[in-house]
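Data first, discussion second: the structure below is written as structure tokens.
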């Protein structure tokens, strides 16, 4: 009997039973390039560059995204991290703050990343600042934060441009839970198909979002008072979103949010939603037991890893990376290292960290990147290849 | 620690701390043609014509737009500025009022502009009135002021026609904040891509607009009473819009509105919106401190320049021009000169002034154009080129 | 100071100041074929045929439209005008009433028109009834009067068919103010571009229409009671519509409604709308003063001409014709003659009259056409050409 | 028994029997626009313009070609006819010689032609010199005189350009007898089809040419000595070429060379060729008897007309015009008048004269054009129309 | 009576009569930009840049071609002209010899040329060395010197690339006289049409060439012995080629070889060919009299100018430039100046000199360019513009 069956049978919550997580088990069930025979040779070559030639290597990855400023979050980011360590001449050459694309290039060029993410406009204008061999993920779509949000990304780039600019992959975002989900999935499927035809890795940002998740529409009581919501970063939604990206769309590499514990205010709404799902599908009830009995209780690192491993295992033939981790106390770099360890133990292939790295002065950012690299490249997380063509024999 | 970090750390507003703005710093971080290696040779040639061969030159620009009459504002403009100084023969040749296209041509032909903006219909019918060497920005889209506005521009022209008519650039407008934002960004991205393929400069009017900004939808209190709005010409929205045009779309030249102080009536709504953004993204709070403590307090020229410099720096690899400036008291031409000085000190490459110039009798308009030219072409705003091919060595 | 500036400065209405209208001035600023160098040679040839080879000539025009029965108004037209002067044999050959296409052909073949307008179906079935040399305007789109109207025309024909049937022009209708305005302008722009490529004159019916104009959306008071509307045939909307057709779309020939006085019931709503526009754009206030002080006061012929001249001058490089005129008392043919005189004095190139001519028995219709021709062809309205190729020298 | 049957039965030559040619008979069998119901309405309109609205009218035509200089004959033409009567200013405006396009325009604008012929390059550069209403035949193909000739025309223009430049017709040349005849006919058929689709009249220059006709390949005796040739301008070849243009290709208007008597040197070769044809098809022998018994004998005007009438009647549903006539002694203008009379009596719709008119000083050219017009417009050659739409009843 | 008529009537050769050449007359009949109304606005703008904004200006031009090395002549050019004035570092930066593209760029950037000519490969690789504002002629086709030559150019580039690289014009070569003449003219016509659609100037190298001209096919006597040839650079062929490029193809700018005297060895063949043409077309005989009576006699400068003026006047609406001039004794730069003066007096708009300039060390090349500029920019050769938009009034 598995651990989750135990939970369901005993109707106990994750914090009421003992846990014994084995890193080896989680890593063992993950995809190996040599077994991903379905990959077009070009996709394989590009994935190999990300997982074995650049960054921590050995089948793992650390990516640097820089698509926030040009869409979702806007340039307000810059305010936090002005660049103190720059000489006048450097300011001239590299911009004033660390969110300046010139500082990003400096980080990417020296920070041992497996690849970096840019939007079409930034690629056009700044690709020449980046080392040509480091894999570029051409983020083909973008989305603006505004009062009446579109609920679906704008496809602002093209596969042809991705090739022209030498990208190794295209990236795109789907919003399960959004009101335009039909168009969104069709849009995503088409981009992925076209990418595969020309040998590009397809990277999907699988982000649950939309009415019913982070807005307050249906989760009200009879008096119309807000009763909480299901949380886009819940285990249920991250688990589901990864499954869609992998099983429906065939993404090669999936970026997911970290599955966070349901906040106390939302617990009632979440449980109700899970209950309603379980009526049709009894095993759904497990999501409930995968939360701590008391919503205020913190999860242990083992519990976090177990939950994250479920998300990872929803995509047995896609590379899965996380864009963050659970909130942990302490020194920021130490926190990031711990979060990364949790993810890696869960079987993820790596992480993608933006503001936590480029939000620091460049030197500090490089130190943090090195620290995270150290975690990811630990031998226990290695995905060794044995095929002669990979090993040279 | 930077000025903005100081504001955030001390929770002080922009008018509560001392400011020391350096023009040299702002100009130093701006793009130079010789470093914009990503430009297709044709785009470079056309941009060079605008920034170095025509108008104030030395990497700066002053443009004359005349797309208002044929769409947005309608011909009602003409009423104000009838042409008193015309003989009967001139009326025959050049039209009755200064908003007549024939008078516009006279201004453009002699006013030392870097380029001018016309709509497709006017280009077809009147291009032959304009000196052939002055760069034309073919405004490919238009929008009509009517009770139920479209919220997205109509693409009324084509790239092929832009070429046929000898344009140096195409211009288009995006409306971040609009309800058709997805289609709008995709429309814009495609036009820009096609323009770049054929060597045309892509000019984007980045104008926040739409529900939540200038209408009264969600910014009401519980009783449904209007609590102000976020203001399309606020620092937040102009900053954001420029960032999108640059990083997501790769615009070569961005026309933005000047970032105005939040009006007292809107201050509460604006602060609330910023607060909500800061919950996800703490640095966003800076927008609040970049307003004066008391909404009624006027900003000094240094404060204006600092705020405008943020907007400019959101596009480190695009040319940025402003379509107006802060309201200042005094003689109109003197006001325009002061506004222009603020913009140039902020690091902008120049300005685009329509009604303030063509709204005057032609002779006066030429004088005003000369006065603005004098400001823009001051040595401290020069963007010198050093590459041999540019300098002749 | 011009008349309109005088109105604005003195805050007087059009009927409170003296008027001195000069036909010569209005005609002087109108386009001449020899100065319209932008016309493709084929467009020029077709326009020349309309303005100089057929109809009243000398650069003026009188058109016969017959697109009402096949779309907008339906066949109910026929009921009114049975044909009194027909023998049994003629009825057999030429139809029963004057709205029968055979009677239309008879009028067109002998009535000295500059051209005639038909829909694709009528062209296919009846083109062979018309003299082959008389210019045909192929009305490419149509619109049906029905409870839930489309708000945008259906493009029922093609440019290729227009050519096959020997048309000299294509005609199309735009509805500024309509809810599909984005698509409408893009549709129009494309048809016009394609027409120009193959030498066809592009004729635009510029008809304001839609929510906010002839429906009752926002012009209600707090209690939701109707407060009037802005009127599609107001000076504001006709002026604006002509400006769009010319400056944005590049129409060669624009058909506009006559700018009528605001009806007393609508005056309050109109003034309110103008006020709201004037807040952003002060010169807009002129529209208010261009109405009589008291909405019940009738306008004089001079006042009518001045208002109409504004509409005409919104298109300094397009031919402008009116589809009707102000309501005047008296004998219908005399009324038509007076209306035509007003339009011609305003500087219009001519008129397009349908029901007022084909609604009569054929003989009378021909007499009315002759009377209107006499007005239009008065020497003071001539647009003389001086180029050698036009004059034979 | 017909005249030709008489010739064949009696084995007499055309000059051995009496002839009674009736103009009325020849004209009676010619096509009338009202019976050419197969014409697309656009083709009809354009043909109407040529045959009734411009030039001699009444269904007849006189065209001015100017396609020689830009291809076939080259600019050497200019040498003969320098313009002595020009002032310095006129030279500036109208060129130096009568073969200058500016002088051609002067002739066309005032010479009462039914249309004129230009090549694409000249149309692009000089169309604006010509009255816009005079029908233009856009000569879509050209051919260069050079030692190794192509034997087939280069299609240098397009139907779309013909439309853009306002042409009423396209013109093209076929070379029956040429070595590329397969491609040539297919090329011609496609151009004609496309022209008809868009309402353009298709004019075919049907010119026999090529090996076996005007070169010396196959008409040698056993010793290889030249024995004459069949002559491209023989009755056989002109008759045949017109038949192909009409029956195979459906040309609307056919330009043919005048059928000249076989030259004495070629008579033997011609007779031999006809004999060989007659073996398969006995009636072919008539061509032999349609030559005078003695090759040195001159043909009378009646004999010329009879022979020309055969060529004309080979196209009972196409308009046929001749590009020259039999050599006649006397004053050039008188010769041209006589030649024209012969053609018109033969039933042709008219003529196309180039060098004989534009080779003269402009004033003289205009006089000659008037003289030819006088012949063509004689009442006996009128093609009256009786349909109501044509007559105005 | 004109000079040529005098020659023909008196049967005298050009050196047997007195000559009175007027520069003013030759310049007066040349095209002016303001009268070339047929130019698309984009073509006009690009032509204006070449004729008025760059190089000698005032409607004249001097171009620098560098398409020889990449096709026709091959890189053997480099051997002749090593670069003497270069330091070791400069050699490293700018290449070893003056035929190196880096030295060409140096010449173009500083030599006051109206434009320069490069092949697609050189443009892709070296466009960034050239000042962006100097007009580039994108030579779209090339031809290789090899034993079995193609006889028609290979179209190696595309219009889209010409635009991407910011070209002002496309250049192409036709070979009248070539065995692929049909395909060649059709190829040229299509490229020119497409260029015009997108506002590019169409430059045609009109170079007679092929069997019968520079090979020895039909110009043999009965015994098969070579009797000379007609010479591709003869007056007949240069005159004809320019006429084709202009009248058939509509080239905006025509590059022709200079019309050289027939060499004594070819005189007999040339005269025979002219005689054969004159049989069909009597005025052709003039070509014979335009040679000196005795083939050995040198032509005077006046005789040269007269002959060249005929070539120029074959294109009354195209700009005509020469690629060389008559052989003259003396210092090379002085020779070039004299040749240029002859051409300019003949009414040509300018010249295009390659090896005579880039074949020298850079400094000397610049001096020679300056000397030629001085000749071309003499006031008597100016083409003044009078339209307000050109003059600023």
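Read from first to last, the chains carry the letters A, B, C, D and E; within each, the first residue is number 1.
Note that in this section a contact is a pair of C-beta atoms (placed from the backbone, for glycine too) under 8 Å apart; a residue touches a chain by one contact, two chains touch by 3 or more.
Just so we're clear, the structure is a prediction, and the values are computed from it rather than from any experiment.
Q: Could you tell me which chain lies farthest from chain E when each chain's centre is the average position of its Cα atoms?
A: Ranked by distance of C-alpha centres from chain E, the top chain is A.
Q: Matching residue numbers in more than half of the contact pairs is the bar here; say which of A-B, C-D or B-E clears it relative to B-C.
A: A-B
Q: Once you find the CA centre of chain A and the CA centre of chain C, what distance in Å lies between them?
A: Spacing between the chain centres: roughly 61 Å.
Q: Let me have the rounded angstrom distance from the C-alpha centre of chain C over to the C-alpha centre of chain D, please.
A: 46
Q: What is the distance, in whole Å, between the centres of chain D and chain E, each centre taken as the mean of its C-alpha atoms?
A: So the centre of chain D lies 37 Å away from the centre of chain E.
Q: At least two other chains touched by the same residue of chain D: list those residues.
A: Correct list: 123, 127-128.
Q: Name, in rising order, each residue of chain B that touches chain E in their complex.
A: Of all residues in chain B, those touching chain E are 37, 40-46, 48-49, 52-53, 93, 105, 109-110, 123, 127-133, 160, 163-167, 197-199, 388-390, 392.
Q: Under the touch definition given earlier, write down the residues of chain B that touch chain C in their complex.
A: Of all residues in chain B, those touching chain C are 69-71, 73-82, 84, 88, 91-92, 95-97, 100-102, 119-128, 142, 144-148, 150, 152-158, 161.
Q: Touching residues of chain E toward chain D in the complex: what are they?
A: 1-2, 4-5, 8, 25, 28-29, 36-38, 176-177, 179, 181-186, 188-189, 193, 196, 210-213, 217-218, 230, 236, 239-240, 242-251, 277, 280-284, 286-287, 310, 313-314, 316-318
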